[in-house]
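Each of the two complexes below includes subunit A, the first together with subunit B, the second together with subunit C.
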Partner chain A sequence: MFELRFHGRGGQGAVMAAQTIAEAAVIEGNYAVAFPFFGAERRGAPVLAFARIDSKKIFSKTQVYTPDCEVVLDDSLLDTIDVVSGLKPDGIVVINSKDKPEDIDLGKEIRTGAVDATSVALEILKAPITNTAILGALVKATGIVKIESIEEAIKRRFGEKLGAKVGERNALAARTAYDRTVVGKSKGIKKLETKKQWLPSYQEIPLGGVLVESRTEAGLIGPGSFIENKVFGWATFRPVRDKEKCTMCLLCWFYCPEGTIVRISDRGDLMTNYDYCKGCGICANECPVDAITMVRGKT
Partner chain B sequence: MKKVITGDHAVAIGAKLSRVDVVPAFPITPQTLIIEHIADFVNDGEMDAKFLTMESEHSVMSAAAAAEAAGARVFTATSSQGLAFMHEMVYATAPLRLPVVMANANRTLGGPPGIWCEYNDSMGVRDSGWLQVYVEDNQEALDMVIQAYRIAEDNRVLLPVMPCLDGFVLTHTVEPVEIPEQDDVDSFLPPYEPDVMLDPARPAMIGAFMPAEYIMELRRQSAGAMESAKEVINEINDNFAKRFGRDYGGLIDTYRMDDAEAALVTMGTVTSTSRQVVDELRQDGKKVGLIKLRFFRPFPSEELKNALKDISAIGVVDRSLSFIGGGQAFNETRSALYGLNIPIINHLAGLGGRDVTETQIRKMFELTLRAAKGEKVKPVNWHNTRGETV
Partner chain C sequence: MRIKDLPDENLFVCGHTACPGCGVALSIRNAIRILGKDTSVYVPASCAVVFGSTYPYGAWKVPFFHTAFENTGACLAGMQAAFEKKGKKVISVGFAGDGGTYDIGLQSMSGAAERNDDVIYICVDNEAYMNTGIQRSGGTPFGAWTTTTPVGSKIQGNRTFKKNLGEIVAAHDIPYYATLSIGHPLDFIKKVEKAKSIKGFRFLHMFTPCVPGWKIDPAKTIAVTKLAVESGMWTLYEVENGEKKITHKPGKMKSVKEYLIMQGRFRHMSPEDIKKLQGWVCRKWNLHYKEKGAPEICEIELPEEHHAVTEEHREMHGP
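And now, the complex of A and B:
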């Protein structure tokens, strides 16, 4: 059995990627399953997806804890998630990165396939949705299915949902990424650290899960604790506002799902708190005078 | 002071004496009189509470939970379809440990629609984390509202409580009820002072999204609180008995169980009628007794086991049906007595509000006595049901 774990962010299509690799395996006559695990459905938030491939029916209905392959759709996740924990000794990491494998520090020397899937997606799909590009890299690095099977699976799944043309374009994204993927060995310099979690026993957890602001060894909990959850690493684009064009209509302030646009009342001005901007682009989309442009690069 | 009042009126007075702060309400037969009386109390200045007329029962329980979270003592009442309509919020209230008290006037949950007594409404929320107590007369209805607040707000419990009274058989029946003095209730029931509440000076998150990392522990915590409720219920019953002179037995009550060979386990008003039948049968020399299953949650497994361990056969009366075969009280009692190896049979009666008569109860005892003698008796018996023989 071949087990895969996908790390992505809400909106990047990790779930669809897992389903598509499963479909490709089935096209080749194998048995496969794929399933997601996510919390509050929030664009940009870390998402997990899993897939299993075998030549016979798979009965296990649990999450994948010791994958053969770890797929990372967004290299900013490397800062917060230890992607190599649990990876089988001869496992492989497939990663969306501008860097070559030997320049990627996973804290362990591991067989790694790398591709700049974001650029591929932007070139071909005109959107930073990296799931189909990363599938091309996954096939190149693992050979778990043939590239033709992935193309067929993409055409089926994406074509069914979004039309034949979108299916074709996504298959092309996979093929392009397949051609550009470099396979090598990662660096093993940084110390692996797992983010501490607040895991109280049933005797310790406040009654009914009712929280007041308090500090635990894993950080703040309760009202106001979100101040520690900076999301600037999530963004592919950041909003830049043209003050000359802006009419101060405040639609961006109203629509921002993260509340990162701050009104500076004494100057009648706005400010974006980039620490909490996930680069979703809703402000630019809503601006009636096109005063906001989304610019490539982290916020 | 003694008053001749309905069960609904008694419940309303219980809420008034408990000095509740907020009463969100929506009317439904046969609960309507409860909130009408409370509306009168508030309007006449007899009761210092915020009375909120809501647009649905779902909103009633939402408002009840929210007001409780803001530190208020909350009362409401519902019945049948109304309880079903607020189902979602009933489940939301208990795990957040909000000690709301809500009376339920037991009424058949349609279809087909009906307005008379059946327990299939409150049985549907038996696993919501609420405590449930079933009363047999109007005095107990009043007293249990007051006790319910002491139990619910106890730090060892902090769970909502649902006193259940039989629709029409109690809600619309007048009988004499001793009304406790306000001073006595005040000294029995101190004001509600939660540790954490919605307070801008000290913000709290109540009912926030929780991933699987926490919900299992919260379930375990609720299970523990429900278990602790058992000693709290008995303790408060004893306190109440000392102060007011009325002892309801706590989790269960027993009647003429000394040397009994066959016993019925009953709930609600069937208990009351059964007391009379037990007296008659005892006069005829039949060794019969009665167990009143007062609290259905927490389920008094140990208490039932102790009370029934020396009996030869048990009959459990159910006023609602579970499709496992027989009713809920039967199946849970049988489960509680696992290992005792005592014949136990089920008597289904009074569904949809059909009257449960002394004749039927005599038949239940007769069947149970036959089981006590080792005769083979059907496990589930439908009483007074056309097409069935008992």
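And now, the complex of A and C:
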């Protein structure tokens, strides 16, 4: 049995990717299952999806804990999640990254296929939805199914939902990523510490669950504690303000859903706190003097 | 108060987990900024409770409380009564979604309105149950796709028109009811401030686009809100002690098609359905703007033929 685990962010289509690889396996006459893991999370938050492929009927219903292949749709996840945990020693990681496999630090030396799927998706689909591009890379790196089968599966699955034209374009994205994928060996330097959780005993839980602002071993809890939740990884684009053009109308400050544009009243200036910017682009879209542009990449 | 005069302090902190471009997060952040520190918040089941507080973490810097879905009005009334008993001057404010106001919380809201409890009730209207994965609510407009009003060969999208909640709430003879739009900041600030200064049951009805539910580009959250007002899908007015006043008069009425085309949830709409919706908007437009000046009457004549799916639309959302 070949087991896959997908790490993505809500909106990138990790669930669809898992379903599509399963469908491609079925097209080739194998058995396959695909299913997501649900949390109370929004678009942009980390999500998990799983797939199993076998030539025999599959009876296993659990999540995949020891995958043969790990698919990472967004390399910013590497900072927060230990993606290689449980990966079999002869397993492979397929990752969406601008870097070559030799430059990617996964905390483990392991066979790695890398492709800049975000660029492929932006070129062909005009949106940073990387699921079909990463499938092309997955096929190149593992050879678990043929590229023709994955193209067929994409056309079927996406065509059915979004129309034939969209299906064709997504198949092209897979093919392009297939051609661009580089396979190598990753670095294994960093040690990722798992984030501590606040796990009080029943005596420690306050009456009625009422929390006041306090600091625990696992960080802040209570009112305003989300401030420790850095969400910069959600963004594909980041706003850059041209100070010369800016007239300080403060519309971007008012319109920012995150509150990441901070006003410094005594200096009469604005500052963008990129730690919390999700890259929605409202500020750039609404700026009356076009002083804000959206730029790809980290700032 | 102008935008400039708003306080710097952010009482709904960064790092919450709303989708990029979320209209609800934007409304909440600005409303609480104006209402100030001496505020206590209640949120029923909704997106706002998920992205604003995931136990033990929270984005609110003011006291925050959450219990069941259907009792926003009752909880606010109880909170306010307790504060009064303790002699504390606190504004109790509730942020309920359209599901929690139009459908599930209607009875509790009505009770609080009837008793004229001294609270602020804010409805953040994103026109469906977005938290549970886009189901139809009483606030869903005609023709919109949701998972419970799917697009089939016989019926396409929601068959009922948006419930006129404004009239229902105003019929309770409450001191203040107002509709707000996040695309009109000055109007927004003015109304929240006014609500803050009045005593009794105050209802603020906010129009807040939902990026995944409406299938829009996250950068267009504000643009789509502005277009909703310009096309007549949303009207900015207030009812103070029974007297209705239009607070923002859009210029020449824009065709509802311009509004629909921005959103994937309307991409299937047939010419007949668009015509039907345009008729509803025209009636609403005339109802609101007739007596109070320009524009006198809806000027758009219903064209014989609408093309629901244009090339532009296909480009954006697929056929």
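Everything below uses one rule, namely that the second predicted complex is superposed on the first by the 226 of 299 C-alpha atoms of A that agree within 3 Å, B and C clash if a C-alpha of one lies under 4 Å from a C-alpha of the other, contacts with A are read in each partner's own complex, and residues count from 1 in each chain.
We adopt the following convention: a residue touches a chain if its C-beta (ideal position, glycine included) is under 8 Å from a C-beta of that chain, and two chains touch if they have at least 3 such contacts.
The structure presented is a predicted model; accordingly, all values stated were derived computationally and were not measured.
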Exercise. Thinking of the overlay built on chain A, is A:208 touched by subunit B (first), by subunit C (second), by both, or by neither?
Worked result: first
Exercise. Taking the superposition as given, does A:187 touch the first partner, subunit B, the second, subunit C, both, or neither?
Worked result: neither
Exercise. Which holds for A:284: it touches subunit B only (first), subunit C only (second), both, or neither?
Worked result: second
Exercise. Comparing subunit C with subunit B, which touches more residues belonging to subunit A?
Worked result: C
Exercise. After superposition on the shared chain, which partner residues are touched by A:265: those of subunit B (first), subunit C (second), both, or neither?
Worked result: second
Exercise. When the two structures are overlaid on chain A, which partner does A:199 contact: first (subunit B), second (subunit C), both, or neither?
Worked result: first
Exercise. Counting only touches as set out at the top, which of subunit B and subunit C does A:276 meet: first, second, both, neither?
Worked result: second
Exercise. Of the partners subunit B and subunit C, which touch A:254 in the superposed model: first, second, both, neither?
Worked result: second
Exercise. Once the shared chain is lined up, is A:223 touching subunit B (first), subunit C (second), both, or neither of them?
Worked result: both
Seminar exercise, completed: The shared contact residues of subunit A with subunit B and subunit C are 40, 209, 211, 222-224
For this session: Provide the residue numbers of subunit C that touch subunit A in the complex, in ascending order.
Result: 3-4, 6, 8, 10, 12-23, 25-26, 29-30, 47, 50-51, 54-64, 182, 185, 211-212, 217-223, 314, 317-319
Exercise. Any idea which subunit B residues touch subunit A in the complex?
Worked result: 95-98, 158, 196, 202-206, 208-211, 213-214, 216-218, 220-221, 224
For this session: Flag every residue of subunit A that touches subunit B in the complex, lowest number first.
Result: 39-40, 197, 199-203, 205-213, 222-224
For this session: Enumerate the contact residues on subunit A facing subunit C in the complex.
Result: 10-11, 40-45, 162-163, 165-166, 198, 209, 211, 220-231, 234-235, 249-251, 253-260, 262-263, 265, 273, 275-276, 278-282, 284-286
